[in-house]
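Next come the structures, one after another.
Shared chain: chain A. Partners: chain B in the first complex, chain C in the second.
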Partner chain A sequence: MEGLLTQPFLTALLFGAVTAGVPLLLAGLGEQISEKAGVLNIGIEGMMLFGAYTGFVAAFYTGSFTLGFLAGGVGGAVVASIVMLLCIRFGLNQIVIGIAVTIGFEGLTALLHYFQFSRTYPRLDAAPVIALPGLSQIPVLGPGLFSHNAVVYLAVILVGVFTWMFRSTYVGLNLESAGNKPAALDAAGVSVIKTRALAVLSTGFLAGLGGAYMANVGAGLFVPMMTGGAGFIGIVLAMLARGKPLWVLLGAALFGASLSMTTALQVAGVNVPTDVVQMLPFAMVMLVLVIFARHSVLPPALGLPYVRGDRG
Partner chain B sequence: MSAEVETLPGPLPGGDRLKEIGAAAARVLIPVLLALIMGGIILLILGKDPLAYYGYVAKRGLLTWGGLQETFTRMAPLLLIASGLIVAFRAGIWNLGGDGQFLLGAVITSAVAPLLVGSLPDLIVLPFCMLLSIATGALWSVVPAILKARYGINEIITSMMMSFLGTSFANVLIKLFFWDPATTVPQTRTLPVDDRLPRLFGSTVHAGVLIALAVIILVHLMMTRTAFGLKLQVVGANPAAAVHAGLNVAWLTVATFAISAGLIGLAGSVEILGVFGTVRADWNPAYGLLVVPLVFLARFNGYGTIGFVFFFSALMIGGDSAARRVGVPQHFVLVLVALLLIFLAVVEYLDHLRRKKVR
Partner chain C sequence: MTRISRRLMTATAIAAVLATGAFGAMGTALAADVKKLAIMTPEDPTDYGWNQQGYDAAKAVAEKFGLEFMPATGLGYGDVHPQARELADDGASLIIAHASGYNTAVPEVGAEKKVPVAIVDKEGTGKAGVLADYTLSGHEGAYMAGALAAKMSKSKTVGIVVSGEPPSWNSQSAAFANGVKATDSGVKILYAVIGPAAYSDAAGGKRVTEQLIGAGADVIFGQGDGASFGMLQAVETAKTKTWFIDVIGDKTKIDKGSLLSSVIWDMVPVYTQMVEDLKADKFGSHEYAISLKDNSVQLLHSKHIPDDVWASLEDLRSKIIDGSVKVDRIEDAQKVRALMSQVDPGPAQ
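Right after this comes the complex of A and B.
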C-alpha cells in the first residue's frame, strides 16, 4: 500500500476527483434549482446524456470545445423543454415523464451514435487547460486542483453566484416560493408556470453542460449510456444539500473522490474486482442517506403541478 | 392531492356503459398507435423504412413458431416483474430498483441450484431456490423501505441507488464467491439442462411461464379481493387518510417493498432455472424500467398486463433479430417505451380534461 502514496498517485487522484465531481456538481446545482421551484426532475439523467451527445458531436465536427460545451447545454435544455411543456404547462405526472425522458434519451443517443459513427468511438484531442497562475505551482495540489478546463472554474463560480442569487435576489425568492407556496407567488402577481419553466430550462442547460464535460473532457469520447447514474447522484446531492449550493459542492467533491478512487485503485493494480470499487459512490450515497436521513428536506410543493384555484 | 389516483368507475346507466368501454379502449390504443407512429417517424429520419422494421418485428416475434415460443418464454420474467410493480404502484410506492433485485435473485439461484441438484430431487431444489431469490430481492429493498417509512425519503432515488449497487454486487458475488472453477470467463456453475424447469408440451417454452401467469393473477386477486390488498390501496390513494383509518403505514410500506422486490427476485430466479442455467458477470438485461409503461397501460390491472406483456415481449424478440437483419439497434425499443409513457400521460391528461368538461 505504501506505493500508493506517491506524489503522482495523489495528484492523479485529486485531478480525477475534480474531473469526476464537476458533472455531479453541475447536475446537482441544476437539480437544486428545479427542486427549489417545486419540480422533481427525474429526467436529469436523460438531459445529461443528450448534452453529452450533442456536446460531443459539436466539438467533434467543429473542433471547438467552447461550441461543444454550448451545444451540450443547449441539448440539455432541449430535453428540459419537453419536461417543461408536459409537466409544467400541462401538469402531467413529473415522475412518469421523468422516467420516460431518461429511458428515451438513453435509447435515442445510442441510436444516433450508432447511425452516426456505427461501431467506432472516435476520440477528441485533449481539452484545453487553464493553469491558475501561482496556485498551480503548489506541488501535488497545483496540478491536481488548479490546472483544469474552464468549465471547472465556471462550475465553482456558479456555486457562489447561486448562493447569492438564492439569498439576496428576487429571482431566488420567486424560485423558493414556487416550491413552498406557489399560490402565494401567484397572488403576488408572478407567474408560477414561468418561474418553474425557467428553473427547469436552467436545470437542463446545467445538466447538459455537465454531460458535455463528461464526454469531451472526462472521457474524450461518447459512449452510449455513459452517464451511468450521474444524474441520479445529482438528485441525491440536491436532496441532501437542503437548498444550499455550497453543500452541493461538498457532496460533489466527496462523490468525485470516491469515483476517482475507482479508477485510481485499478491503475494502482490493487487486487480487488473493479465491481467492488464501482460500488463505492453508490454505497456512499446510501450511507450518507441513512446517516443524514432526517436532515434531508424537500419543498412541500415538490412534484405537484400548480393549478390556479386548486385547493392544495 | 394530484398524485395519480385510480378512480373506480361507478355504476353507469346502460347506454353509457358501451361508451365507457369504448373510451377505455381508446385510452389504451391511442397511446400505443401514437408511439408506433412517432417511432416510425424517427426511423424515417434515420433513413430506415419503418414498415419494413415493424413488419419484420411482427413476423419474427409473432408469426413464426420459433419466434412465438421465444416470445412466450420472455414473458415469464416480464410478468413476474410486472406483478412486483403492480403491488408497489397500487400502494403508491415507486420501486424502480428492479434491475438490482432481479440480478441478485438470478445470482443466488445460479449459485445454489447447481450445488444442490446432485444430492436433492429437483422438486425440492427448484422451489427452494425460488424462495431464496424471493428473500434476496426482498432483503435488497429493506433500506429504501425503511428510509421511506421512517423518514419519508423519496424511494425512487434510494431504490435506484440500491439497483446500481445491486448490479455491481451481483458481479462481486460471481467473481469472489461463485466463480465456476471450470471456466475462464467469470460465471457461476451451470445448472444441467435436465434439472431446469420442465418444457411445456414438447415446445421450448418452460414451466416458469405458468408460474408467472399464476403469480400475476394471484397478485391481482390479492390487491383487489383481500383486506390486505385493500389496505395497500388505501395507503396508495391517500397516506394521510390511511393513518387516520388506523393503518400502520410504516409497516405496510415495508411489506409492500418486500413483496414487490421479492417477486422481482423471483423473476431473476425463474429466468435462470428456465432459460440460462448460469449467470455470467456483467449480464444485465435491464428489464426493470421497461415493464413500467406496460403496467401503466393496463392501469395496474393484472389481466390487462398479461396482454401488454405478450405484445411487448414479441416486440423485444422481434427487435432483437431486427437489430441484425434490418440494422436498427435494440436501443430503438427504449425509445418506443419512452414514447409510450409520454403519450400515455398525454392521453390520460386529455381524458381528464374531457371528464372535467362533462361534469
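Right after this comes the complex of A and C.
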C-alpha cells in the first residue's frame, strides 16, 4: 500500500484520469450541441473512431500533432456530414442512421488499418505538453493536472465558451429553439435545417478531435475499435448534463477518475474480484443516472425531423 | 397383401434407421472426411500475437496435411453463429473457434451441422468426435520470463498488465510472479487488469502501464492482443528505461529498443494433433497442451538479454523440463491476485 503514496504513482494516476476523461468531455460537449438542436447523434462513436484514424494518419505522416488533431476534427465532421445529409436534409430516422454510421465506420477504419498499419503498428512519440507556469510546479497536482497537451486546455476552455454561448448569444438561443420549438425558429426567419446542420458538423468536429486525442495522446497509435464505447458514454454524459457544459466536464472527470482508480485499487491489492473493481466507472455512471436522471430534461423535438408546415 | 405391406413397412423402417445412423456418423467427420480446416479469429491475423499465431499455425497444418484452408478472421467479439454456419455449410471438417468468446456459439453450430469444433477456455467439456478444448498455457515460459524480469529489474519492481483474465493468461501471470520471486524474493510485483475484456483497448493499455511505471515498475509483462501495442508505447515513451516482455507472438520486427523478450507459443503441434485425432477417431477424447519440452513454448532470445542472463535461463529451462523446478499452472483469478502480495519463494535460481 505504501507504494501507492509515491509522488510518481499519484501523478500518473491524475495524469491517467485526465487522459481518459478528455475524449469523453469532447464527445459529450459535441453531443450536447446536437441534442440542443434536436438531433440525437447516435453515430458519435463512428465519428470518434474515424477522427482517431484520420488524426493518427495525419500526425504519423506529417510528424505534427497539431495537424493530427485538426485532421481528426475534420474526419469527425466528414462522418457528421453523412448524418447531416440523411437525417436533417432527408429526414431519415436518426437512431437507425446513427447505428449504421457507427457500424460502418468501425468496419471502414478496421479495413483501412488492415491495409496500412497491420504489419507495422507504427507508434507516435510522446505528445508535446504545455506546463502551466506556477501551477505545474505544485507537487503531484502540478504534473498530474497542469502539464498536458494543448487539447486538454482547449477542451476545458470550451466548457466556458459553450456555457456563455448557450446562455448569452443568439447562436445558443437558435440552437435551443431548434430543439424545443423548431417551427417558432422557422417563423422567426432562421433556417432550422442550417442550424441543425451546423450543430451536427460541430458535434462531428469535437467527437473527431476527441478520437484523435485518444489515438495520438491516449494510446500513441491507432488500432481498430479503439474507442471502445467512449462515444456512447459521451451521449450519456450529454443527456445527464441537462444542457449544462459544466456538468459534462464533471461527468467526464468522474468517469476518468474512476477508470484511473481501478488501477490504483488493483495495485493496492484490494482483495475483491477484479471484475468488481472494473465495474467502478460504470457503476458511477449508473449511480449518477439514478440520482439525476429524473430531473433531466430533453428537448421536445429531439430525434424528430423538421418539415415546414408539418403538424405531426 | 396385408402381410406384404407390413413386411415392406418394417424393412423400410429398418432401412431408414440404418440410413439415419450412417449419415449421422458421417456428420461427425470420419477419417476420410478431413478435407477442410477452418479457423475463426476475432481480430485480423496481423497482431504478432494470439490471432496471428493461431492463423499461421492452422494454415501450416492445412498445408502439411493437404487440406483446404478456410480462415474467417476479424470477426470481432459478438455473435458468430452466422459465420460458423457458413463455414459448416461450406464443408469444414473441423472448425477451430480461436476465441474464448466463441465457445458457446460455435459448438452450438457444430452440433447443429454435425461438424467437429475446437474451443478455448472451457476445459473439461470435450465430447468424443464432437468437441475438444485446447486451452493452452505458456506458464513454463512465463516462469522463465519472471526470472528474466527479476534479473533485469533495477528498481526491484516489475509489473504485470493484462487486458482480461482468461485461464491462459492467468496461468502465465501466476507463473511469471512465481518466477520473479524464485529468482529474487525482494522484487515487488504489481498487477493490473485494464478491463473485463479490453483486448483491443490500446489507450487503456497505455494508461495502466504508465501507472505501473509510475509506481516504480521498470519491467512490464504484458498480455493484451491489440492493447499490447498501447503497453509497448507506454514503455517506449517512459522517462526511465523500461523493458517490455510480450506473450504469444514475436514483435521483434516492430521493436524500437524496449522489447526484452516474449513467451512465444507455437500452435502447430496442437492443431496437428487435432487433425490426427480426427483421422484416428480420437477427437475430443483429451485436452491439448504446449510446453517447453517440445519447443511449442519458447522464451524469445532478444539482443537485449545479456549472455550470462540467457545462460542462466537456459539452465532454468533444463530444470523445468527435467522436473527439478516445478511450475504450477494456476488459472483462478483470485489465486493469481493473491500471488502478487504473497508468493512462496521456491528454489533459488
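We adopt the following convention: the second predicted complex is superposed on the first by the 290 of 312 C-alpha atoms of A that agree within 3 Å, B and C clash if a C-alpha of one lies under 4 Å from a C-alpha of the other, contacts with A are read in each partner's own complex, and residues count from 1 in each chain.
FYI, contacts are C-beta pairs under 8 Å (C-beta built on N, C-alpha and C of every residue); 3 or more make two chains touch, one makes a residue touch a chain.
All values reported here derive from a predicted model rather than from experimental measurement.
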item	value
Chain B versus chain C as contact partner of A:220, first or second or both or neither	second
First, second, both or neither for A:120, with chain B first and chain C second	second
Which superposed partner A:64 touches (first chain B, second chain C, both, neither)	neither
Which superposed partner A:104 touches (first chain B, second chain C, both, neither)	first
Touching partner for A:15 - first (chain B), second (chain C), both, neither	second
Partner chain in contact with A:276 - chain B first, chain C second, else both or neither	first
First (chain B), second (chain C), both or neither touched by A:168	neither
Partner chain(s) touched by A:285 [first = chain B, second = chain C, both, neither]	first
Chain B versus chain C as contact partner of A:260, first or second or both or neither	second
Chain C-contacting residues of chain A that also contact chain B	110, 114, 224, 228, 273, 275, 278
Contact footprint of chain C on chain A as seen in their complex	3-4, 6, 8-13, 15-16, 19-20, 110, 114, 118-121, 123-126, 214-215, 218-226, 228, 259-260, 263-264, 266-267, 269, 271, 273-275, 277-278
Interface residues, chain C side, partner chain A - complex	43-44, 46-48, 74, 76, 157, 165, 188, 190-193, 195-196, 198, 200-208, 210-216, 226, 229-230, 232-234, 236-237, 254, 256, 333-334, 337, 340-341
Chain A residues within the chain B interface of the complex	40, 42, 82, 86, 90-93, 95-97, 99-101, 103-108, 110-112, 114-115, 224, 228-229, 232, 235-236, 239, 273, 275-276, 278-279, 282-283, 285-286, 289-290, 293-294, 296, 298, 304-305, 307, 310
Touching residues on chain B, where the partner in the complex is chain A	2, 4, 42, 46-47, 94, 96, 143, 147, 150-151, 153-154, 156-158, 160-162, 164-165, 168-169, 171-172, 175-176, 281, 289-290, 292-293, 296, 328-329, 331-335, 337-339, 341-342, 344-346, 348-349
